[in-house]
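Two complexes, one shared chain (chain A), two partners (chain B, chain C).
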Partner chain A sequence: MSVAIEASAAPRPAPDNLRRVKSAYPTWFFLPAAIIYGVLFLFPTIASLFFSLTRWTLFEAQFIGLDNFAQFFREPFLVKGLVNTLIYGFVTSGLKVVLGTLLALLLTSDIIGRGYLRAVVFFPTLVSTIGVGITFTVMMHPTNGIINEAISLFGIKGPGWLTDPRFALLSVALVDVWKGVGLATLIYIAGIVSIPRDYFEASKIDGASAWQNFWEITLPLLKPATITVVTLSLIGGLRSFDLIWAMTRGGPGFTSDVIASVIYKQYQAGFYGLSTAGNVVLFVMVAIIIVPISVFLNRREVEE
Partner chain B sequence: MNHARRYWVGGIAIVASVVVFLVPFAFIILMSMKDRKQASLRNFDLPVNWQLWDNLVAVVQTRDYMLVTAFINSTILTVASVTLLVIFGAMVGFVLQRRPSRWSGIANFFVLAGLIIPPAVVPTIWVLQGINLFKTMHGMILIEVAYGLSFSVLLFRAFIASVPRELDEAAIIDGAGPLRLFFSVILPLLRPVVITVIVVQSVAIFNDFTNPLYYLPGKENVTVQLTLYNFQSQFSTQFNLLFMNILLITIPPLLVYIFFNRQIVAGMTAGAVKG
Partner chain C sequence: MTFLTSRRTLIATVAALSLLAGTGYAQAQVTLSYLIDDNPTNLATAEALKAAFEAENPDIKIDIETRPGGGEGDNIVKTRLATGEMTDVFRYNAGSLFQALNAPQTMMDLTDEPFQANVIDSFKPVVTATDGRVYGVPEEASMGGGILYNKKIYAELGLSVPKSWADFMANNEKVKAAGKVPVIQTFGDTWTSQLFVLADYYNVQAAVPTFAADYTAGKAKYATTPAAMAGFQYGEDVFKAGYLNEDFAAAVFDDGLRMVATGEGAHYPMLTFAIGGISQNYPENLQDVGFFAIPGPDASSNGLTVWMPAAVYISKTTQHPEEAKKFVSFIASTKGCDARTSANGATGPYLIKGCELPADVPAAVADLLPYFQTEGGTAPALEFLSPIKGPALEQITVEVGSGIRPAAEAAALYDEDVKKQAMQLGLPGWN
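Up next, the complex of A and B:
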């Protein structure tokens, strides 16, 4: 109470007062965060641009120009890693968009067991990736795994999910979707709930079908949610390492290697320059794909 | 939707969810309770000899109580880095939201960069070695803070916009300096978003595998996710113990989920419905 009285009794802010108000938000509040971020994230990122051009032992770096990058686009197993990264990123993110939308529609409709369903779809998001990876590796075993045993009950011979070079990467991608679709669903549910009911009432008066409602109202208004899901899952998918490492270690051979696993393998082998070049390639790839989407998102926000 | 449809659509969804989402978890639990011989068959059946306790003891004792060390390390790492993330993230979010200046454009750019750019691994190790923090818990904590800041700042900035400026002005007129204003007036009002940041970041850091793998090698530094990785080869013939380990490290996130469901949902969908 006394605060209010003093505030109203105080003269209108004089220039001196204004400066005091301003200094209540000091720039040095950025400092602790800026130092940690600058030293451990920003500086290494900038340094990586230089070290990717060298043959590097951590103690001395020998400048070799663009050789590391040339190797990335020449060696078959490194090229495979680039292609796999794109496949993995787009497959997981595409499936999360489609399945996330469908699950969100289901979980916002009037059905029994909605609370249970939402909880069970979302929970895998919080579980250890390595734990999920090991569990599915055991379940996907070509002869002893329970997945193929279940399939064989229908008289079909299941594939070697993780041992067949044609399926290994896609099998890991499917597990990634299993683990991550809950987050996409959650974001879509938030999007659907925020659509005003009036729109559907109006369209009902106009005699629209449920199908038309979905295409003409729900889907267009879910665009912000879709942008969020696509951005998040692409950033995660293109950088993905732990699930692939837990399930296949890039194998069989190098058929399920992605850039992130190549970075780790080259680091283990002591090729620090090449490993860092992998980081730069991944950075450029993520930026080329994500920045346009993100710019698009920000422009929408400014307009509104 | 009519009455009958409400039941059969829901019923089908529930059956599908059991097959797709519950069977893997049931598999983990069943495997963790079997004896060694039965577990090696990797079947989905009930344990013949229930060995929950024996397996638990065996896993905990493996390699000189490595799992105990790991739980202690993971707890220290999670608590320390989340504390710093909350304080430093809130400070940045506060000034960023309250006082637009030439710094805020740069800061906003860095926040976005932090979300998008994959960390440069080997150069970071090189920097950590240079400041004597490689293979140390201190270094690992600071790494988690550096990588988690962007997301925290985003959440705090959005929430602080809803805290009325009049409160700041009242505190300033009462003679509060910037530190008093922030720690005694603003921070207590941020409780809901602080809980969200704590919950979301602690699950992420507790489950982090990649960063400790790179920046915190060494037996005495092991974290829970790495025990799984280490035991994977050692337990290649002892699936019961491997799955007991998975079960044990799944319990903390499960508890967090049960108690903080609402905050997790709030944090994970932040910004999704804007626009």
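Up next, the complex of A and C:
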């Protein structure tokens, strides 16, 4: 973008001049990256498109056209998985935005032990997802988990967090938020710190309240941070798998299955072609959701 | 400086020495890798086999590797075989799960090995691939699928072993009235949820003798065969009646063993190999646990659904075929049976010729043996009669047993799952 502007600002450059401006490096410089990209990304992508059209046993692949896609869309758990994926993606990213903003406000204020508290909020992000999953599974055990034992001190009988079909998915989503909110907070802290103090001084002179400060200054100027958080956590949420698999394996039954766990189960059962088709579907689905959101949010940013 | 030099020399010497020692070691010994699932009972067997075999063959070392059980384990075995990363020797189910492994391309043909003469013929079909060759030998005793029950509760409440499903439910009602848990379920380990469906097969084949053949050909369905649907219905019935332990959704296999052994619960639908786990973890309660087959609709036809034991196989990619055969041959001998019995006690009749059960078998095994001694008292489970077993059965039976999905819908869902597996196997008559 900026290169193009520079180029048009230059006094009528010759065509080959323009090319030189565009590419600052010789071609061989790109070769290593191009090879890595080709071997590790391009080839698997094309191969997976091919294998998604076959019945594949890892030894032999029999071409069956679009049957895998037809089968995948007939998958009785697929609709449930789709709905769950959307719920999971939007719940986690929504909560991360709200909690991340609030925590960032708190952690940029003049509280005692600010550095320590920032570290504490960020800490779960560093822990292994599987470890977090197993730990919370133990804590959320319906009868001897620490959470329900704590609740029972107040005379309330806690639900089966992971075993009740109504709560399983949301319980996992909450753990995901706990684990991921640190990163969102970090991004928001960076956003808040970069807001120039002048705005707040000006608004003070105008007699604005704290609420108005937050609503009229902080929040609008946090838009770039919000875009980053929403995009990252939505992509993460839509393709999330590890935490769900560690905590419920899509269970009880199929009630907390998401697209990724449905696909994994096909792979586990040895339906390699079918699971590859599922991954192609997941790829398209994430693209369909993320691209418009990203374009929409970015356009708003440019307009302002 | 001198210090540095001398240290460098020292390191070099040590490295050279250890290199020498290393090569010497490798020449004298062959190490066979052996993959099993991480069930404690099976691990105990493997350790006992390893100890007995290594004592007899000091030049061969067995290196036991474990993997998870259930669907996750199936995946590991399939992937490792397909990518040529399998251990030299491995233990895996016989029957339909074996059929999904593509044995002719991944495993060593053991048909003509002399040790096959020790294996009882009825076992061979379940480790025979589509090419008609035999690929494995039985690693454990044959098992019954049915219900482990607590004999103390039965004695206390004056109950008798039920012969029909109605009797069973009547017993459950009395157990519940006495304030105990009638039926233990452990959906934390999803595979344990399948017993009502799979172990009911004796009753299915009693009602519909052609079910296995028709099912394999895609003509008979669970949803449209009332006798086959019954297993799903049983799961729903015990849930609806409120007979399950409070933590059924999160409890795991070992919780189930504890509950039935110590009398926290009366009935645990399970395979009899679990007796080995009870004898290891709750030896003082071993004689309190009895066993009966899943009772069917009719008290007059009561019999046992039998599981063929898991087998050991040799991967085609092994670097030590002779040593691997030696190990497999050891497992398929009376010495193998003895090692197993010493580890876990007797859990059922062996399928190796000449293997005798000790006189003092656990009570549940004593309950199991009469079925084998009765003419027509047993029938193999469906997975040994048909190559098709739907991979999602355990999730489906969890849903039925937790009241999430009604039995009829679950049976229809399982039929879909079966269809998918049949198509992947490329069986005729499906499409």
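Criterion: the second predicted complex is superposed on the first by the 267 of 304 C-alpha atoms of A that agree within 3 Å, B and C clash if a C-alpha of one lies under 4 Å from a C-alpha of the other, contacts with A are read in each partner's own complex, and residues count from 1 in each chain.
Just so we're on the same page, contacts are C-beta pairs under 8 Å (C-beta built on N, C-alpha and C of every residue); 3 or more make two chains touch, one makes a residue touch a chain.
Quick caveat, the model's predicted, so the values are computed rather than measured.
K.L.:
Touching A:265 in the superposition: chain B (first), chain C (second), both, neither?
P.N.:
Once the two structures are laid over each other on A, A:265 reaches chain C alone.
K.L.:
Please name the chain, chain B or chain C, that touches the greater number of residues in chain A.
P.N.:
Looking at chain B versus chain C, the one contacting more residues of chain A is B.
K.L.:
Taking the superposition as given, does A:58 touch the first partner, chain B, the second, chain C, both, or neither?
P.N.:
both
K.L.:
If we overlay the two complexes on their shared chain A, which of chain B and chain C does A:78 touch? Say first, second, both or neither.
P.N.:
The answer is neither, since A:78 touches no partner chain.
K.L.:
In the superposed arrangement, does A:242 touch chain B (first), chain C (second), both or neither?
P.N.:
Only chain B; A:242 stays clear of chain C.
K.L.:
State whether A:97 touches chain B only (first), chain C only (second), both chains, or neither.
P.N.:
In the superposition, A:97 contacts neither chain B nor chain C.
K.L.:
Touching A:165 in the superposition: chain B (first), chain C (second), both, neither?
P.N.:
second
K.L.:
Touching A:178, do we find chain B (first), chain C (second), both, or neither?
P.N.:
first
K.L.:
So, does A:255 touch the first partner chain B, the second partner chain C, both, or neither?
P.N.:
After superposing on A, A:255 lies in contact with chain C but is clear of chain B.
K.L.:
Determine, under the contact definition given at the top, whether A:141 touches first (chain B), second (chain C), both, or neither.
P.N.:
Touch status of A:141: both partners.
K.L.:
Using the superposition on chain A as set up above, list the residues of chain A that contact both chain B and chain C.
P.N.:
Residues 58, 141, 144, 267 of chain A touch both chain B and chain C.
K.L.:
Could you please specify the touching residues of chain C with respect to chain A in the complex?
P.N.:
Those residues of chain C that touch chain A are 71-72, 74-75, 78-79, 82-83, 100, 102, 105, 187, 190, 246-247, 249-250, 391-392, 395-396, 398-399, 402, 404-405, 413, 416, 420-421, 423-424, 426.
K.L.:
Applying the document's contact rule, which stretches of chain A touch chain B when the two form their complex?
P.N.:
Result: residues 3-4, 6-7, 10, 20-27, 29-30, 32-33, 36-37, 39-45, 47-48, 51, 56, 58, 106, 109-114, 116-117, 119-132, 134-136, 138-139, 141, 144-146, 149, 178, 183, 186-187, 189-191, 194, 224-225, 228, 235, 239, 241-242, 246, 260, 263-264, 267, 272, 275-276, 279-280, 282-283, 286-287, 290-291, 294, 297, 300-301, 304 of chain A touch chain B.
K.L.:
If we count contacts the way the header does, which residues on chain B are in touch with chain A in the complex?
P.N.:
1, 6-7, 9-11, 13-14, 17, 20-24, 27-28, 31, 41-44, 84, 87-89, 91-92, 94-95, 98-99, 101, 103, 107, 110, 112-129, 131, 142-143, 145-147, 149, 153, 168-170, 172-174, 176-178, 181-182, 203, 207, 209-210, 213-214, 224-225, 228-229, 232, 239, 242-243, 246, 249-250, 253-254, 256-257, 261, 264-265, 268-269, 271-275
K.L.:
Touching chain C in the complex: which residues of chain A?
P.N.:
55, 57-59, 62, 71, 74, 76-77, 141-144, 160, 162-165, 249-255, 265, 267-271, 274
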